[in-house]
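Have a look at these structures, which come just after this line.
Heads up, the next two complexes both have chain A, just with different partners, chain B and then chain C.
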Partner chain A sequence: MLRLIENEVFKIIFKKRLLIVFGILLVLITAFAYGQDNSLNRTKARLAGRIGITASTDWKKLCEQQIIDLKNRLESPYGHEEDKPATRVRIEQLQYYLENNINPLDSSAAKFTTQFMEQSIFLFLPLLIIILAGDIVSGEAANGTIKLILTRNIPRWKVLLSKLAALLMLEIIVLLMAAVISAAVSGVFFGYGGWTAPVATGFRVIGDRLETLGVVNVPQWQYALMVYGLAYFVSIVVGTVSFMISVLVKSTSASIGVMMSALIGGNFLSHFMSDWKITRYLFMVNLRLTDYLAGSFQPVAGINMAFSVTVLSVWAVAALAISFVYFMRQDILV
Partner chain B sequence: MLKRITWFSLLIITAAGFVALSIGFFKAQQVTGGRTPTAGKTIKTENIPTKTAAAAKESNAVRIVVMGDSVAKGTGDEKGKGFSGYLKDYLKNQTTKDISVENIGIDGLKTDGLLERLQDQKLHSLIAASDMVVISIGGNDLRVLRSRGDSTKEAGFGNLEGIYLNNLKELLKGVRKSSTDTYIVFVGLYNPYLDAAASYEDTQLVSTWNYDTQRLIEADPKAIFIPTYDIFKFSLNRFIASDGLHPNSLGYQAISNRIAKSVENVFNGE
Partner chain C sequence: MQPPVLELVDLKKNIKNKEIIRGINLTLGPAEILGFLGPNGAGKTTTIRMIVGLIRPTAGSVKICGYSIADDFIRAMSNVGCIIESPEMYKFLSGMENLRQLSNMDKRITRQRVDEVVELVGLQKRIEDKVSTYSLGMRQRLGIAQALLCRPKLLILDEPVNGLDPAGITEFRNLIRRLAHEEEMAIFVSSHLLSEAQLMCDQVAIIRQGSIVKTATVKDILNTETVEWRLDNPVKAARLLKEKWGIEALRENGNTITAAVGENRLELINQVFVNEGIELRYSIPRQNTLEDMFLDLTEGDEIA
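Our next item is the complex of A and B:
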């Protein structure tokens, strides 16, 4: 079985798919890092122009002042009890910035690595996965090699399973590549630090509002780990769905095309038909898992991390079942 | 051979990556759901003096309640005092009486929010026991207008001011319901945007707003409107905090001085 997987992994590597993904990542991450550096500098210049301070020297005063204000708010007996954890978390962050002499405006390799994945998780990362997964079965059907494989004395499910395992392995490689390239490239612009900076998380949806009672600070590296963990989950789901398409459709370009239009169409759907309830059960609109971590989403009753993960899991399991059943019963020689 | 080495290193990397990513995934699940919030529900012990109005009105003490928005609270003061702090310091030097200041300003509060707070029983007894109530409100009511385009500003302003004046009327009524003889000091609006967008219309709108407020306030014989517009007009750079909106320490001192000058004789004369 391991040999079969090995074989499948090298098939993908020799087809230079991984190299293409690497190239895309390198080019885009460099462009993003450069762009962010640029816009940061412009923001600073604008701030300096508007309130007459140089952000590089006076941010400390601003921080101290914010801390005083927030502390006052904490002590005010008329404040809302549920706002307090968030306020405390914010004070902790500001104090960390002051103690470690970090301008909160500035970016860092750690911040960028996290942000890059948060921005890519719903479209860019799935597209990369599709590049890998799109032709994994249909490619063999298109050039006829599938017949050669199946004439060997190996059960069909084993063939398919080894392809799936190879895909899941390579998804990890893609994520590692994304993390390493982002950290390495953005470090040139922002410096290689920032891994221990506190990040707020722990938001929950109760009813239809965002609840901040459980908000806590976690170090940036741990936050990044959570983001990439969620990204891997998303990769698995998108991978298995496009795996299924690849089994069902005989041509590689059709398989990639179907998945791409589903993804992009799904993103449109969530914009235009957000009040149409059935759209929330589509897998494409549930990919933004990292938003739940950051608390940066429009709270809707019943939609939370658990909901999205469940929907995605159901899709993945259904896709797997369909691909295996279809592949076992399919009449290849026709 | 090379292929075998690549394969095994790939296996190890992916295995390690899988473990790390799974930990991350489950950690994320835990953080966003899982446990129910148990902490944080500790009810703060209230330390507000809840004396009855009669008992509190000793002649040897001056009780001041400061309420309203962030300017009342003192946001932006790098010393964290706000005008309520400076006012207390100043009055302490002027009289032998005991000065106590209770500041219940809240960032971003509008008139409707303050009206809501006024229903609170605690605040009611606080005002009933007070000798002076200082109110700063309305800045956030008016600030809504800044996001509008110039063409809709005029119409929007009339609407907004109408609602505001209505709320203010209710507010004064509410304070008077709690206490018929406390002094009411209303802090007028200044324009922090003078240098950035010094359009003539904006200046006019603020003036109209302040004027109508003053007329309403001073209909009450024991209420006074304290203008702040003129303090800031030529001193924005010195008096505005680095957030570009709130007064800084010097700005609050200037506001406090003005209030103090207007009311000091009230408490000295007795």
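Our next item is the complex of A and C:
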């Protein structure tokens, strides 16, 4: 079995799929980092214009002032009890910036690496996965080599399983590439630090309110790990669904086309038809898992992390079941 | 007793409600070379796909070395090497990398064996080049190398000489005969080139519109001689042939008739003709070829 997986990885690498993914990542991340650097500089300039040169260059004073304000709010008898954890977390963050001499407006390699994945998880990352997975089975049907591998003394399910395993492994490599390129490229612009800076997480949605009682600060590297962990989960789901399409469709371009339009169409749907209940069961509208970490996001009312994870898992399991059943029974007529 | 290497029992296949294969029975023993002949669209490739388990028969069974392909796929396929239609390989890999891929799929295949088959098909010089740079003939060789990797007891080749030049065909023919005789391989070759099959095979099965219309050994076919007479009274001659020897004669045109007779009887027949007052211009024995038989059997198919 290991040798079969090795075969599949070898083929994907030789087809230069990984190289394409690497190239796209490099170009996009560089553009992203450059853009963010630009807009940060503009924000700073704007702030400087508004508040006055001294205030913006001396961001420490600004932080100290904010801390005093927040502390007052904590001690105020009129404050809401539920808001207090969030306020404390915010104070902790500001204190960290002061102690470590970090301007909170500035970005860092660590911040950028995290943000890049948060921004990519619902469209860009899935597209990369589709490039990787789209032809993993349909490619063999299209060039006829499927006859070569299905006439060995190996059962069909083993052939398919080795392809799936190779895909799941290569998804890890794609995420590693994204992380390493992000950190390396953005470091040029923002410096290579920031890995221990605190990030607030632990928000929960209860009913239609954002529940902040459980909010805590975690170091940036830990937050990044959570983001990339969720990204891997998303990759697995998108990967298995495109794997299924790749089994069902006999041409690579059709397979990639179907998945891309499903993905982009799904993103449209969630924008324009959010009150149409059935759209929430589509896998495409449940991909923004990282936004739940920051507590900012509800694409459709009533959707939360548990719901999204359940929907995605069901899609993945169903896609796998369909892939294997179809592949086992299929007549190979190419 | 050992089971036959290949046994097809009443094999049938419908595709989209159309009967493509209508009940094929065949057996093939070790060291035998069977030519599976038929015009394009007769169902050769479809039959082969069923033999190697790429498609499921609608009815009937395939057994390889006694193992059913449906119930015991792994053990059955452990004995098979095949090329189906054109020999597709991974074009973005080299010939050697292709063979390594396949040897990775079967524990029995050693590196040594890979080198051995490369040498056997004469691809040593180009084996490290990408398959995309190969000519059709070289791809055929690589296809055969691939099929031989696991030292199969049954070798299945679907139209293997397509794209080979005449020298390549001769070389290929010698290789096939050697494999059958030295390694006792049973070889199942499909073809629509009959002259080829005649030179290469021991037996032929002719398939037409999904049914086998004739099986015969090549030796028998070559031994049946046809004789052509030109004489003044073909009607009477035909009647005599029928009455005295039970031979059906064919009126070709005007004063010519042909009939299949044993060589030894020809003089006798001619004697009788003369005694009966038929004026005989000439009689020539014509060696029958598979091609003639094939054309007789499959006439009109290509147009329909």
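List of remarks:
As a working rule, the second predicted complex is superposed on the first by the 324 of 334 C-alpha atoms of A that agree within 3 Å, B and C clash if a C-alpha of one lies under 4 Å from a C-alpha of the other, contacts with A are read in each partner's own complex, and residues count from 1 in each chain.
To be clear about the criterion, contacts are C-beta pairs under 8 Å (C-beta built on N, C-alpha and C of every residue); 3 or more make two chains touch, one makes a residue touch a chain.
Source: prediction; values computed, not measured.
Partners chain B and chain C, brought together by superposition on chain A, fit side by side with no clash.
With both structures placed on the common chain, the touch criterion links A:182 to neither chain B nor chain C.
When the shared chain is aligned, no partner comes close enough to touch A:246: not chain B, not chain C. In the superposition on chain A, contact is made by A:169 with chain B only, not with chain C. Note on chain A: of its two partners chain C and chain B, the one contacting more of its residues is B. When the shared chain is aligned, no partner comes close enough to touch A:113: not chain B, not chain C. In the superposition on chain A, no contact is made by A:255 with either chain B or chain C.
Residue contacts after overlaying the shared chain place A:305 against chain B, while chain C stays out of touching range.
Using the contact criterion defined above for the overlaid structures, shared-chain residue A:6 touches chain B and also reaches chain C. In the superposed model, A:36 makes contact with neither chain B nor chain C. In the superposition on chain A, contact of A:230 is made with chain B only, not with chain C.
After superposing the two complexes on chain A, the closest approach between C-alpha atoms of chain B and chain C comes to 11 Å. Within chain A, the residues touching chain B in one complex and chain C in the other are 6, 10. On the side of chain A, the complex with chain B involves touching residues 6, 9-10, 50-53, 58, 61-62, 64-65, 68-69, 71-73, 76-79, 81-82, 84-85, 169, 172-173, 175-176, 201-204, 211, 213-214, 216, 218, 222, 225-233, 289, 292-293, 304-306, 309.
Partner chain A is touched in their complex by these residues of chain C: 15, 49, 52-56, 73-75, 77-78, 80, 82, 84-86, 88-93, 97, 101-102, 104-106, 146, 150.
Taken in their complex, chain A has these residues touching chain C: 3-4, 6-7, 10-11, 14-15, 143-145, 147-155, 329, 331-333.
Residues 3, 7, 10-11, 13-14, 17-18, 20-29, 31-33, 35, 37, 39-41, 43-44, 46-48, 73-78, 80, 104, 106-107, 117, 120, 123, 196, 237, 241-244 of chain B are the ones that touch chain A when the two sit in their complex.
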